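Structures given as structure tokens follow.
Both complexes shown next keep chain A, but they swap its partner, so chain B is in the first and chain C is in the second.
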Partner chain A sequence: MKNPTPTKVLEALAIIAITGLTATPLALLAARSLAQSWYWPSLTPQVWSVRAWKYVFSPTADVLPALATSLSVAMVVTLFAVIVALPAARVLAWEEFRAKRAVIFALLLPVLTPPLAATMGVHALFLRYGLTDTLIGVALSHLTLTVPYATLMLTGSFSRLDPDYEAQARTLGAKTIDVWRSVTFPAIAPGLAVAASFAFLISWSQYLTTLLIGGARIVTLPLTLVAFQWGRR
Partner chain B sequence: MKTIKKKHLFAQLLFSTFGALLFSQTLIGCGNTAPSSRSALTAEQFSRSRWDAVIEQANGGEINFAMWSGDEARNRYYQNTVAAKVKQQYGVTLRFLPTNDVADIVNKLLNEKGAGKTSGGTIDLVWINGENFRTAKQGGVLWGPFAEALPNIKHFAEDARQRDFGTLVEGYEAPYQRAQFVIAYDTARAPDPPRSIEKLREWIKTHPGRFTYLAPPDFTGSAFIRHILLFYLKRDSTGGAFDGKFDEQRYQRAAAATVAYLNEIKPHLWRKGETYPTSPKEADRLFANSEIDFTMSYGPSFASEHIARGEYPPTTRTFVFGEGTIGNYSYLAVPFNASNPAGALVVINHLMSPPHSLDQGRALGSLFPLLPDGLTTEERAAVVALPLGPATLPAAELAKHQLSEPDAQYLERLEKDWREKVLKQ
Partner chain C sequence: MLLNFTVRRWLMLAPALAVIGVLFAGGLALAAAQSLGYFAPTGENALTLRHYVSLVDDREIYASLWLTLKLATAATMISAVAGSALALGLREVARRSRTINLLLQIPLSVPHLAMAGALITVIAPSGLLARGAYALGFIQQPADFPAFINDRYGAGIVLSYVLKEAPFIALMTLALLARLGDEYEQAARVLGASAWQRFRHVTLPLVAPAVVSSSLMVFAFIFGAFEVPFILGRPFPAMLSVVAQQRYLDVNLAVRPGAIALAVVSALVTAALAWAYMRLTRALIGLERPFVL
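Presenting the complex of A and B:
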């Protein structure tokens, strides 16, 4: 027992390697954000400075309001993506019907179409309904991209759950809400968490959709960042 | 029992499929009631208005300015100093829409035109140039013509008012900034840079791996290869002197020589020319890290700005080719469905004024874009006294070496030839 087994050693090494791989780029990014000048051959920045951070928090950069907008859009999108995806996934997992494949294909269309084409189409449609340049319009356009993913993931969760569990609970006298609370929800909770995080992240990272539908008026974090990533003209 | 359950599930599916649709249907009402059409100034009305009346109409309004926003110092100057000035002088509130690529804005406008949204647009003013201007003008998504009726247009040279990359301006955009291509080098690494197209070729061959250029269609990379084309276009006197207009025969001859030049230097470039940097940021990093000895830009003061931010070594300087380098103008335009064209015109005219140009020169080191003829004696003295960054060339030096942009067709053809005959070789 004194000597760790080879598996244990391998496990420890793997953990260190994975942590290192994840942490190193982040650490470099943190260092970079505090470096004013940092060029070859110096291993550490020549001049340290908080200039970049000062700019981020200055009113000029608009980063803080953009962060708030990004957060609220992403949260609304996550909520509605899950609300729409839950019943759809339930049917797709538990029911067999003739047009099932066609429904799945239709569901995936928004993410299979090239993003620019899909977004231009959504923009043209939203223009007719006066949904462009509004927060609601932006959230709806993000929904077209998040619902397919959320539905597919939840379909996986539902298909691992036997519908008879629900029937059993009902036989024992449970009301619909109780069936959901003590049978269905605990069984699909992990999948629900993954679907929700996915929906959140997809909304969080949208650039083109937000720019076109939001008319550069709804400013989310990616909008403030992209111009800097490219550099000077 | 079973069939009831099944119906229930189908109802749920229906709800899901049309859920988003129902959700949006309830919102249509909200969208339509939003007030958007306060009667906006038309170009036709503007042509009959006195300038004072336009200023009066602009007072109290708000302007949404889509401006490229990738530069901290510039953002700060415009959002603080310029916005305050415009507010105080004309009562116009200036808001900025962060923009990376104006092509996105042009696409948005084209879509809006297609959908018939002809008023109440979210953008009143846009910084536009060259290809994007041509697309926007051809698509009919610009408000105008207006530029020739602005009081401050008299400060701009005839070539700026007539053509933007060979596209006829016809008053659909107004010039406000001037740029000229310069090359940055580090005096500590290359004390005697090659100041001509021919010398550059020799230098690259004797310093393998130390030079590269941005891959076209990047704005700057495309400009670099255009300099070589222009060099051969001017050298070729078959059929008289080169006048900038597109000529197929001339192009064929000069393009063949340009492609030969670029393929000759290719094996001696950074990474043997197997790859090229694709964004200015990447080229900047290569230069700062001493992987290459030159980097280029359309902004004559870009190297000074990078020194000030500590991103380039303090020994960095810039030069222009003896044959000259291409200069061009930046323009402002008003979208066809702008909510407040009057306000936009007042802001454009302000950005074209001598006081603003001087102020921007002092604040950002920008090149002074106006003709000397229309300036007062004090203004002329102020232009001479404009501070130069450590790496910026004097305006007179730049002016002496300025070349005009050749027709935009040259640009398109050369970018295509570069892709097929240089990149893929």
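Presenting the complex of A and C:
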């Protein structure tokens, strides 16, 4: 026999609260994008229309090129963040050495202090080497912000995998590539997915870094979004 | 050929260290050099402290620094309490199903700009809440609704960050709880510990590393954040990053080193506060290693 206990009720309430708090603003934003007029004090729009969406996908809005830029920058950043973070995470999870704490601290530095000052310095550096206003420059500036998170998350994955499994596979005659494919990769795959999506999202939502390094020449979606808000408000 | 273990280790760390070393530490060093008068866009190249001295005389900076401290502290504290409470409360549910984890990931995947924009539709003077208050007869016109946007207290900014960061702290805490299991609590129960004793002496120290390290990240993030205060904040006093960005992109290039000095100060203040926070948590709960690693 199981009656709803106070904990169960609390759980249900918490779930409703999370959903309500996060879904309400987003649902309302979606509703507003479909409302042509929605005057005070009506709780529902007077006129629904897909006009705004038609405009967004029209060539004059310049949203599609920004979408393409955002996607390509974020995908390149994600790929390189994971490539750079993987070997580092493996070492940090499995090996003990004297400078380990210092290495962890160094790699987390961009997460522990606001990156604005560093971005300004990088801007000066990139000016010198012609990397400002370029896709590569913007991607490099995003990379700094994604590598710490990717390393942190992948280190978590590796620390849950016993390094002996790899050793056992090798003892049984597996080649390096086979060990990776049938032992290491399946074990860290969930963490890898989380790290990659995090890196993607960080790059995807970047505004200030893109503005400073891309100099309003590299226009990603966040830049377009701000331009829209300023234009309408 | 067998590579020496140490060489192999550093080769594997090298790419990550290079990215952070060149693009972050290098950038920071170059920014510091510029704020001290080197490589100025106006052509000057000599040591001077005048960009920092002018910050000391700047009343706008004091207002900005105070506002930034207040809002970052408030948003971090609320997020840490709400996030760890969520994690502890939903621990059982999270163990049984993936739904909670997915739910908590929704706000995490929404960019800050979009979250701030979405929040406007709810808390603006003509937003959903105000319309609801009108329908219920509490207010007569939008002007009667309390200001949550561009307001004196930065309520909209704090709310926006809490909605994003509380789920982040909850997820980090849930991940740690899942890894630890509940053997320690069971053991304490068997040994006769009360619910409060189990919480204070077993659960709290267990989740502390996740809560401390994630709230540290959240604080640093909000302290240096730009998007949300840019959209939901007032032009004066604005948060530090907003002021630094505006001055940096000023048409008058002579202002730029001052903007960089401001960004360097912001980084130093965060670093000092992070150090103090780690010290404090060590003193309060005996936490030696604040990082989940």
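What to note about this one:
In this text, the second predicted complex is superposed on the first by the 202 of 233 C-alpha atoms of A that agree within 3 Å, B and C clash if a C-alpha of one lies under 4 Å from a C-alpha of the other, contacts with A are read in each partner's own complex, and residues count from 1 in each chain.
By definition in this document, contacts are C-beta pairs under 8 Å (C-beta built on N, C-alpha and C of every residue); 3 or more make two chains touch, one makes a residue touch a chain.
Quick caveat: nothing in here was measured; it's all calculated off a predicted structure.
If you put the two complexes together on chain A, you find that chain B and chain C bump into each other.
When both complexes are overlaid on chain A, the residue A:140 reaches chain B and chain C alike. Contacts of A:49 after superposition on the shared chain: chain B is touched, whereas chain C is not. In the superposition on chain A, contact of A:131 is made with chain B only, not with chain C. By the touch criterion defined above, A:87 reaches both chain B and chain C.
Within the superposed three-chain model, A:26 lies in touch with chain C and out of touch with chain B [touch as defined at top]. Applying the stated contact rule after C-alpha superposition, one finds that A:40 touches each of chain B and chain C.
When the two structures are aligned on the shared chain, A:152 is found in touch with chain C, with no touch to chain B. Residue contacts after overlaying the shared chain place A:181 against neither chain B nor chain C. With chain A as the common frame, the single stretch of chain C that clashes into chain B is 7-15; none of the other options in 7-15, 79-87, 169-177 or 187-195 do.
Chain A residues 40-41, 83-85, 87-88, 90-92, 95, 97, 103, 120, 124, 140, 143-144, 147, 151, 208, 211-212, 226, 229 lie at the interface with chain B in one structure and with chain C in the other. For chain A in complex with chain C, the touching residues are 7, 10-11, 14-15, 18-19, 21-26, 28-29, 32, 40-43, 83-85, 87-88, 90-92, 95, 97, 103-104, 106-122, 124-125, 140-141, 143-144, 147-148, 151-152, 155-156, 159-160, 197, 201, 204-205, 207-208, 211-212, 222, 225-226, 229. Chain A makes touch with chain B in their complex at residues 36-37, 39-41, 46-47, 49, 51, 55, 58-62, 80, 83-88, 90-92, 94-95, 97, 103, 120, 123-124, 127-134, 136-137, 140, 143-144, 147, 151, 208, 211-212, 215-217, 219, 223-224, 226-233.
Touching chain A in their complex are the following residues of chain C: 6, 9, 11-13, 15-17, 19-21, 23-34, 39, 86, 89-90, 92-93, 99-100, 103-104, 106-115, 117-119, 121-122, 126, 128, 130-132, 134-135, 141-142, 163, 167, 175, 179, 216-217, 220-221, 223-227, 230-231, 241, 244-245, 248-249, 259-260, 263-264, 266-267, 270-271, 274, 291-293. For chain B in complex with chain A, the touching residues are 6, 9-10, 12-13, 15-17, 19-20, 23-24, 27-28, 30-32, 34, 64, 66, 68-72, 75-76, 79-80, 97-100, 104-105, 107-108, 111-112, 114-117, 122-123, 219-220, 279-282, 284, 288-291, 297-299, 302, 309-311, 313.
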